[in-house]
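Several structures are given next for inspection.
After this come two complexes, each holding chain A, first together with chain B and then together with chain C.
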Partner chain A sequence: MTLKKTGLIKRIPVWMAFPSILMFSLFVIMPAVMSIYFSLTSWDGLSPHMQFIGLRNYMDLIHDERFWNAFRNTIFLAVALAILENIVALTLALILDKVLKARTLFRSIFYLPNLLSGIVTGYIWVALMNYSFGIFNVVLNHLKIASINWLGNPGIALWSIIFVMVWKGAGYYMIIYIAGLNSIPSDILEAADIDGVSPIRKFFSITVPMLAGSFTINLTLSLINGLKVFDQIVAMTSGGPGFATETLTYQIYTVAFSEGKQGYGTAIALILFLLTMVFSLVETKLIRRFEVEV
Partner chain B sequence: MKKTLLLYFMLLSGTVLFANGVSETSSNLKKPVSVSITFATGDVTTKEAIHTIVQNFNKSQNLYRLQENLSISTGAYLDSLKTLNASGQMPDIFECRDVPVFVRAGMLEPIPQDLQTLFETTIPVYGTVYTAPFVAQYPHIILYNKTLFDKWGINENPKNYADFLKICDALKSHDIAPMAAGVADIWHIGFLFNYYLTQYVTHGDPDFISKIYKKEVKFNTPEMIDAMSKLAYLFQSGDMEKGFMSTKENELVGLLAGEKTAMIFTGSWTITQIMEADPDFKIGCFPVPDEKGHVILNGGATSQGWALTKAAAQNPDKKAAFNAFIKYFFSKAQYTTFLKTTNSLPTTKEKMVYDTTPLMGTILKLNNTLPKTLMWNMGVGENELPPSYRNWTYKKVQELLMGQITPQQLVQAMDDQWVISIRDFNPTQLVKSSL
Partner chain C sequence: MHNSKKWKTGDYILFFIVAILALAFFFPMLFSILSAFKTNGEILKNPIGLPKRINFSNFFYLWNKTSIPRATVNSFILTTVSCFFIILVVPMSSYVIERRSGKFSSFFYPLFLAGMMIPFQAYMIPLFRELRVIGLFGTMLAPVIIYISGASSFGTLLYCSFIRSVPKEIEESAAIDGSSPFKTFWKIVFPLLKPCTASMLILQGVGIWNDFLMPMMVMPANQPKTINVEIFSFIGEFQVRYDVLFCGTLVAIVPVIIIFIFLQKYFINGIMAGAVKS
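On to the complex of A and B.
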């Protein structure tokens, strides 16, 4: 009886987790597994007939110039975003760590853009960056500087998207860095002060190693966000001008839905899945080496 | 016994009467049949015009209630319909734009013969009519700021293409961008691409695409290179507003009304938007002629229109609702209001007479007198473009306009992409019985 009771008690966590496992399997695992089959088919998304074509979608991807362009854009955007977002977030966190007055107010201000939807912020920035009517060019013109085509110049458009994403996301990562800064024992910093360590040396030798945990989380999250960015692309450039800002997620959407090639779109989605997995694993493994136990 | 019989008779009569009464009452109180309907809502004027007719239809009778889904914009219309279909929420009646796609999926109910007789022209897809067309394709013409043209003495419409370029030069000398185009919306750059393709390459041949499928013609020809060079010249010679690559179609009215440009190349629906932006704005219009002064307008009947899904047609009430709605929509009172509000071109056999502006009168006259052909991507049957080909081409055209590729590279790339695109889709090899 006691044994039975013990066994039941032991199984309680399993039963408690069961609904979540069921839902996760039903809505994440199962579609993911099914998508492997879909990637081996030719289907327009409407027709009841789905044709099995083996690995042809993957073979086509190898020769698809548009796919490789989107691949390059995705990696560039993800890496640039991860670096810039973290530099801005860390800078804000370090400044706010020193600010004594209205610290909560500033935290809220910097965090606020993160609460807005990507589509909404995208459209707001499109209006601000508009070539003819946008405030940016109006200001430039007042300064006798020629207008810049922020979203229509292929050399600038991707940077404009990165800028908006940094503006939107940095506040979130800033909060994680602030939490990390707060967890650094003050006695270590005081000891460094007594020893006459310069602020720069203190930052690189104490703060950065002790923030390694925050770096791991933030770099992983921002990299994954960069790899799967979609809403800002839709709202700001629709992948244009030409194919200049087309990323893998945007290509998946246009190919699968607008162009009626669901199988091909799913094949790209699986490549993106693998890319995200590899990037996350490698990055986590690399950064973990620098983590320090406090 | 007599009493018993009388009682029995009274009870029976009462039951029958009561039953009749109930039956009558339930018939009177019968709930109207609910029918879902959706349409592309990108253009606010058209959205409002259709919405008003749907509301009027609901008020005009008690048998059917049309429930609108007004959340689907034009840009992602097909995508949204696919999503609705996948989630089992496909509307019963919908504005069908990519008709062949839905026909191949076996999702459309043919239009009954009595409804087909309402229209001047119906376009069969694989031999059957599936849609009730509610607008003929708009002619694409130049709409210009008449006040500025008068002020600068530009009083004559161009007689040939050289005249048109002279007008552009005259406007440039007054420090204004001669033209603007919504290049950021790839479908809008399609208007200018289609103009040069039709005017200089296909010369209005409605079977041009089918000939490409049959390898009788290709894109990489001197005519096509010349046409694309003319298109690129407009954008690279300063004839176009400088920010064209990020300009969206919905900004054109602001650019024209705000005197940042003097001309836009677009369809007549834009007139309503311009007048709403500035009721005092004076608009002029002209078609763009080629070197010899010939004009082939974009226009004519298309396969797009109202459609009933096969699933909804299984329900006789919904089928009856569709028939009733189509008759109501194209009734003189409703349809003339729709045409007038949206500045659209009618599709009905019955002549629709309504007051219109002198400008719209000019456009209607041009439409009735000049030769017309459909846009290159509007063909059906053997002239249907491969699914992804149009968008891919327009993206490449964007690269041409930015000077990233040459006209020669564009047309060669179009031929190369064609080979890839037709591997899974070649309507000239489709067997009708397989549909």
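On to the complex of A and C.
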């Protein structure tokens, strides 16, 4: 009977997988592999021939101050975003866990910004952060404080983008934390209550360790999504003022499509890919250690 | 059961804090919705207040003078067609990979896993060149193909995890009754995967509707593209027309919100399923 079973399963024809595998290979894997070659050329995006130049793009990257600036911005944005998003998301989840009424409604409201596109999000906040009529400065002026140039001041613009991204993203991670909280067996918490364990102790000794899985998922996702931020930057600052908010994704776009340096742009794209890999690997390792310690 | 409990002072304070937070979170959306019904002067002078009177002239302007109507139609077509083909193609491949153990699965499963890690920007330049070479660049077909290919990696993993929980006995008895594996899949297995399909449709549908960079690059030039791309090109044209801009964003937001209101459960399931798979 067992033999016959495997026989039946084996008869599932392989061709059923072909449409998806073919497309995935042709339009994801193949270009991803080709990008290694592209990054070794000085291709401008137009000429029919690609000039092979070896590692010169990578040598140029090492001395390119603009690249390093975007590199720093990207890492800063991703790390700050991941930390803040998770703090806000966890706080919201913990509060909602205690609220007695209209929980679903509140959860939906916190999640709602996640449904907006990056472009729409960007323009709503461009208006809200406008120097003359934006609500932030209107409120500040009411309090007799001078207007702040939220998107035009190089020291503030990146923070403004992070702020907007937290608003947009926190609700998503909140839902994962809520699921984590719901999966904590209530008898553990009740037993702790009976033993007279203080709420703070209960939080750090029961809730936090039980949420380890949610932490791993959320930190990984938020870091990797942070590395990919693009639409909001296009809508809000175009990488400016100067290059203050230029990230790797935005740099790839301008270098490749405005300046016609597609070989060079591909080299930056490969660095971005490596960065994504390194981030998720290192981060998973760190969390594993943390999980074991707990 | 919580509701039956008597509220203490602390409960009221907590509820009040959450309500304030929710208002703060909702405010930007409320602002954009209200602004769609204001005149540009009103937005500049009184950004927070209600519109003096509900003003539909922005919508007439949007309808008659901009490319938003065409772009909205494009977005609808792109989203539905791509989703249709994703659901046609992806579950089938997952079925093969999940049910056929052996070299075939052990080769492709990790490949799909790796595919999920690659950011679009990392391979878009060779991809655009490839599309040019085969003559698809600048056609409506190009984004559809890219969406199906992109959804393959994540979608296959998602469907695999759901197919795993379908008992094999049903398929075996169908096979004994003479049903071909192809037929068995679509008639028996696929209907059991409804929750997965719903989550997949929502995740992909919202993602495609909201996408920006790729459609801007590959769709036919000198024609309206998608709604998000046209909103973006607004800013150059109507630098100070915030009224028209917010009218456009409203058109982009409303379909997603309506779907969210009706299919909330599947959104939450989709997030959980997606998160666990990643």
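Heads up, the rule we're going with is that the second predicted complex is superposed on the first by the 271 of 294 C-alpha atoms of A that agree within 3 Å, B and C clash if a C-alpha of one lies under 4 Å from a C-alpha of the other, contacts with A are read in each partner's own complex, and residues count from 1 in each chain.
Keep this in mind: a contact is a pair of C-beta atoms (placed from the backbone, for glycine too) under 8 Å apart; a residue touches a chain by one contact, two chains touch by 3 or more.
This is a predicted model, so every value here is computed, not measured.
**Q** With the two structures laid over each other on chain A, which partner does A:G118 touch: chain B (first), chain C (second), both, or neither?
**A** A:G118 sits against chain C, while chain B stays out of touch.
**Q** Under the stated touch criterion, name the partner, chain B or chain C, that contacts more residues in chain A.
**A** The larger set of chain A residues in touch belongs to C.
**Q** Have a look at where A:G242 lands relative to chain B and chain C in the superposition and call it first, second, both or neither.
**A** Touch status of A:G242: first partner only.
**Q** Go through the superposed model and pick first if A:F27 touches only chain B, second if only chain C, both, or neither.
**A** second
**Q** Go through the superposed model and pick first if A:M165 touches only chain B, second if only chain C, both, or neither.
**A** neither
**Q** Once chain A of both complexes is superposed, is A:S42 in touch with chain B (first), chain C (second), both, or neither?
**A** first
**Q** Looking at A:F133 after the superposition, I want to know if it touches chain B, chain C, both of them or none. Which is it: first, second, both, neither?
**A** In the superposed model, A:F133 contacts both chain B and chain C.
**Q** Going by the contact rule set out at the top, does A:I217 touch chain B (first), chain C (second), both, or neither?
**A** second
**Q** Between chain B (first) and chain C (second), which does A:A267 come into contact with in this model arrangement: first, second, both, or neither?
**A** In the superposition, A:A267 touches no partner, neither chain B nor chain C.
**Q** Between chain B (first) and chain C (second), which, if any, makes contact with A:T254: first, second, both or neither?
**A** The answer is first: A:T254 touches chain B but not chain C.
**Q** Both chain B and chain C contact which residues of chain A?
**A** 45, 132-133, 253, 257
**Q** Show which residues of chain A lie in contact with chain C when the two form their complex.
**A** Listed in rising order, the residues are 5, 8-14, 16-21, 23-24, 26-32, 34-35, 38, 45, 92, 95-96, 98-101, 104-106, 108-113, 115-120, 123-125, 127-128, 132-135, 138, 167, 171-172, 175-176, 179, 217-218, 220-221, 227-228, 230-231, 234-235, 248-249, 252-253, 256-257, 262, 265-266, 269-270, 272-273, 276-277, 280.
**Q** For chain C, which residues count as touching chain A in their complex?
**A** 2-3, 5, 7, 11, 14-15, 17-19, 21-22, 25-26, 28-29, 31-32, 35, 43-45, 47-48, 88-90, 92-93, 95-97, 99-101, 104, 108, 111-112, 115, 117-127, 129-130, 145-146, 148-150, 152-153, 156, 168, 171-172, 175, 181-182, 185, 206, 209-213, 217, 228, 231-232, 235, 242, 245-246, 249, 252-253, 256-257, 260, 264, 267-268, 271-272, 275-276, 278
**Q** Going by the contact rule set out above, which residues of chain B touch chain A in the complex?
**A** Residue list for chain B touching chain A: 76, 78-79, 82-83, 85-86, 101-102, 104-107, 183-186, 241-247, 251, 254-255, 258, 260, 387-388, 391-392, 395-396, 398-399, 402, 404, 420, 424.
**Q** Residues of chain A touching chain B in their complex?
**A** 42, 44-48, 60, 66, 129-133, 147, 149-154, 237-243, 253-255, 257-261
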